[in-house]
């Protein structure tokens, strides 16, 4: 039984069957990649996992509980954190404030009317956020406006924000899309390090095979809204069905 | 109020507040307790003219302001003296009031109760105004009248036509020269009956706020008393700019008269729409269809243009009135400003002179003395003919004009013609009339602010 | 039945004015992303174009007529308009009589120029500024424009009557087989509706069938991409602003005979036209037109005696009530696209 | 001090000093001098400054922090005023229950409207709030003032009549709003030479309340809650995926700012016991938006400055008439005097709207951050002049 169990999920947009009969099981403490050509339904599937979309059929269980019908913030509080394709951070806030917000969310839950004490008096959150920044090697940038940072730093900050919540499952949506090779390698290293240092399950949607094969322990190939195969990276390489899906030609 | 309303307790407390902060050096002197609010101490006395200067009624407010300035000139002995020469009371000498030169301050009511009170307060608190005059709506008049009562100054209302101003909201410190909805109805009803017959069916469109309701109530009561039937009364939102959807059903309602209880822009548009729908060309119940606009003003007539032709209504005053006071006023106003005065201008002019005269006769600016001098005062020579300021409710009683849109006006100023001057006896009512707050309505106590 | 037809006519007529103003407003939203609080003022300026034309045609010379007296008893000065002196009294009077339709011709270049000047002189600098700043600056502009009009024309409404040939009303009921007087409708209101239909149709045709229009529509959908294609979209947007101003202005010119123009008529329509645009959906042209007519018709029905006796005061709040219901059931109005003006 | 850092403490102290000394500061010109026209230190206007200051501070908590632009906040001010006057009518003229009820009622009303309106964002939210406020205005102006069920007294405005119950009223108490016997209208007048200063009880009550409200606003701005509100403005998507529910945060901000508005409305009624429906109209809602943007949205002191600016124009410029102009320019030769009066005439008195419109445009064109930015630029310019060109580095600090 995996930490994330997707069963028979289907989703239609008007005339387009985006997902049909998707089954997926992500085992705890693994790195699981989902790959597939454009329009295979990767993003739709991801959105069904985090509460942005509700599937027409099927079930999505996280750690034995259904996530269906829950709002994104509730699913996050269950322990799923999401990293976006383009970094989603609080651009108008400073880097430190960016890091404090997930820490508050971790400590106080989805809503807390904490309107009178000053932020600086919240020592526990402050310390935690600083610790996380140090871990992400961004402590020196803490008073910068987040919007002013480079794209690579924004990605780092976003991943750091997700980790500060100590999620059990980290979802990454093409984390290296549009990155230069050097930045991509840095990101790979960062993710490897993260995986080494803590008990965490990572699910990653990726285009870049280099990234996928550097990180993943299991790979699911999605094509036309349905999983083609699921296997180890070694077996996926050279799998005829995969070639077919990617090259669009029958073997 | 503010400056002088130092109750002993208030004095002690405020004194303590000020004293706690700084030890008072001897040059700090608290003003000596005056006998009444804004008692004039120097060689001048300040009047406050509170008129709409922005918003839809700005032109009407401007007309009032012109008349008020003219009155101040006349009081100070400048110009040709205007109605001072025809006024039956000879107390005014053209040397200001009680020997003090008259100055004035102005404010903008914006035709909103809040803004009007703010500007009246500023004139009282900051400029030391001892009397407030002007305004072009009943909401503003009632609001400012209440303020003046609390503050201990005299309020001489401008254009306010609602029964409430001297009805349930009457105040000891407030006075109205303008006529009211009841008087309009009482004056109009016989003329309507004579011109249109006694078996008419009336359809009312009524502006959905206090003034509209009182006017509709008054007109309906007066016309029903002489045999008319009220088919329907439809309330229209004040903010309406287009009345087509209210006018369209009129013709099929079985009515043969349309009564527009609207004022200002509402009236201009509803009348324009009614003419567009061709109501006046129609025949209903075998009779020519008619329109009545109970309250007319010159500016509304100008705004409605040709549409007012043949439409009946009532006015407080019209410059074409042929009496000595009116002629003197029209000459004075016309020569200075190049146009005849409107009825709101006339009421403000008369109110300023009446206030000044009352001060002279009372020998004091003390509002309580002035009020006493105005109560029950009978006069003539200000343009409306013989007039009484009734003591019980501070309402002026005088003849009421029934007017009609002229068929062939020769210039921009004679678009209205006087149909009848309804004698004052016909528009009289008891001070405890149910439409005026009944027996419960009371002026309360005079407040001088002391 | 006749009452229903009558109120539908009324509604279409009210709706015409709403739709015309909202159309221009949503064009500006959609193309420039600007919240234009001065749009009502453009409508008002259009109406005052008609007033100006009427004043110009009535420019007169004075002759003293000793036989008549003015209100002070002096000899009366008689005004004779120049056009009557030049073309003879009858032709001259006819020209004056037709001043509103003439003003349409006069208003088109003026409104385009006003729109162009506004966009180049002011709005252009606010594309990148927050919506709040746009609101403040255009609101300031609206106040300034209306105060200027007030300074020259006063606060009182000014009649701009329709030509006498188009005065009066038609008995539509008779044509449809109802009793006489059942459905009486003013000719000019029918003219206004037809005029609005032509203008709306014209704008849509222009956007649909010309290359210029296609580029603008593409720009509305995705401004950046079209800009990347090397098309000078900015210049086209300036022209669109001029057109939007022109539509508002023409709506104003033709509105004069329905209800006499005054300096604050723009503010009276401002809030309403925003409600219309939003109910229609931000950036949607068909939405704005549909919402304009829908709200016009509903407003007319709400003012019937039947409606006001069933729910007292419904005529006061109907527009807002409908707006709330529509926005709560359809998150982006009738035809709005996702993500437009939602931040 | 008081849980604030040094910078905020000094800001609070400056505001406290300015409000407490306002009677002096606002009356710089000797009474009777030509410039006395510009004095603003009379009780009514001073009260208005601080009351609208409270209104704008509250509005800024919603708009400045979360970016949600409400066009309906005047409705909460209006209900606040109506509740206060009802307390006067039913209980007594004591202002404490009146103000308390006005805050409570405004809170409930804003909870209701906010709950519905916050289901949408952006301009859709703005139009929803506008629609609710316009409905409230229409109902208050006419429907709810019908003789059978007169809740608002319509056009005239709700006021206290002699036959109202006023069950706790005693003859020894003033017949107008008071604080345990101290009339809100009692004024101590201080004459020093040609100058005259008014110390009004009502003003000081409002001023103290404003300082408390200003202090609370600073605390909210600096709190985790305030940070969350800024996060709402910055990126709601990220907030959602960080396990935070933006809706209760915005709703709480909406209700808090509604309570500020209700408090302002209650104070207005406490200073002058009449509640007019016009204070609920969309123009009144627009006014507080303008105040906030004009002063500097999202800054602490900006809204207060904006409120002062607009109220000053409304009350001072509208009262300047041609007579006063002639007095000012009387030192000039006649022809030039008339010319000057002619030039200035369109901008004063009935033209005050024009002046205000032009100033709106100038401020927003040249000072995108509002008056606060103007102040900062001025301050920077003075500092640079003092230090010379050596200090070329200018620190970019968040505007407070």
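As written, the chains take the letters A, B, C and D, and residue 1 is the first residue of each chain.
In this text, a residue touches a chain if its C-beta (ideal position, glycine included) is under 8 Å from a C-beta of that chain, and two chains touch if they have at least 3 such contacts.
For clarity, every value in this text was computed on a predicted model and none was experimentally measured.
In terms of the distance between Cα centroids, chain B is separated most widely from A. Distances from each chain's CA mean to the overall CA mean are smallest for chain D.
Annotation: 35 Å between the Cα-based centres of chain B and chain C. Between the CA-based centres of chain A and chain B the separation comes to 73 Å, rounded to the whole angstrom.
For the pair chain A and chain C, the distance between C-alpha centroids works out to 52 Å.
Counting partner chains per residue, chain A shows two or more touched chains at no residue at all. Counting only residues that touch two or more partner chains, chain C has 313, 316.
Residues of chain D found to touch two or more other chains are 138, 142-143, 353. Interface note: chains touch in the pairs A-D, B-C, B-D, C-D. Per the touch definition, chain D reaches chain C in the complex via residues 63, 67, 69, 116, 119-124, 127-128, 130-132, 134-135, 138-139, 142-143, 146, 282, 286, 289-290, 293-294, 297, 346, 351, 353-354, 356-361, 364-365, 368. Within the complex formed with chain B, the chain C residues making contact are 2-3, 6-7, 9-11, 13-14, 68, 70-72, 76, 150, 154-159, 161, 167-169, 181-182, 184-186, 188-189, 258-260, 262, 264-265, 268-269, 299-300, 303-305, 308, 313, 315-316.
Taken in their complex, chain D has these residues touching chain A: 3-5, 216, 219-220, 222-228, 230-231, 233-235, 237-245, 248-249, 252, 256.
Against chain D, in their complex, chain B makes its touches with residues 1-3, 5-7, 9-11, 13-15, 17-18, 27-31, 53-54, 58, 61-62, 104-108, 112-115, 117-119, 121-123, 125-126, 137-139, 142-143, 146-147, 150, 164, 169, 208-211, 213, 235, 237-239, 440, 442, 444. Note for the complex: chain D touches chain B at residues 39, 42-45, 48, 138, 141-143, 145, 147, 153-157, 159, 162-163, 174, 176, 181-183, 185-193, 196, 198-201, 204, 272, 274, 276, 278-279, 314-315, 318-319, 321, 323, 349-350, 352-353.
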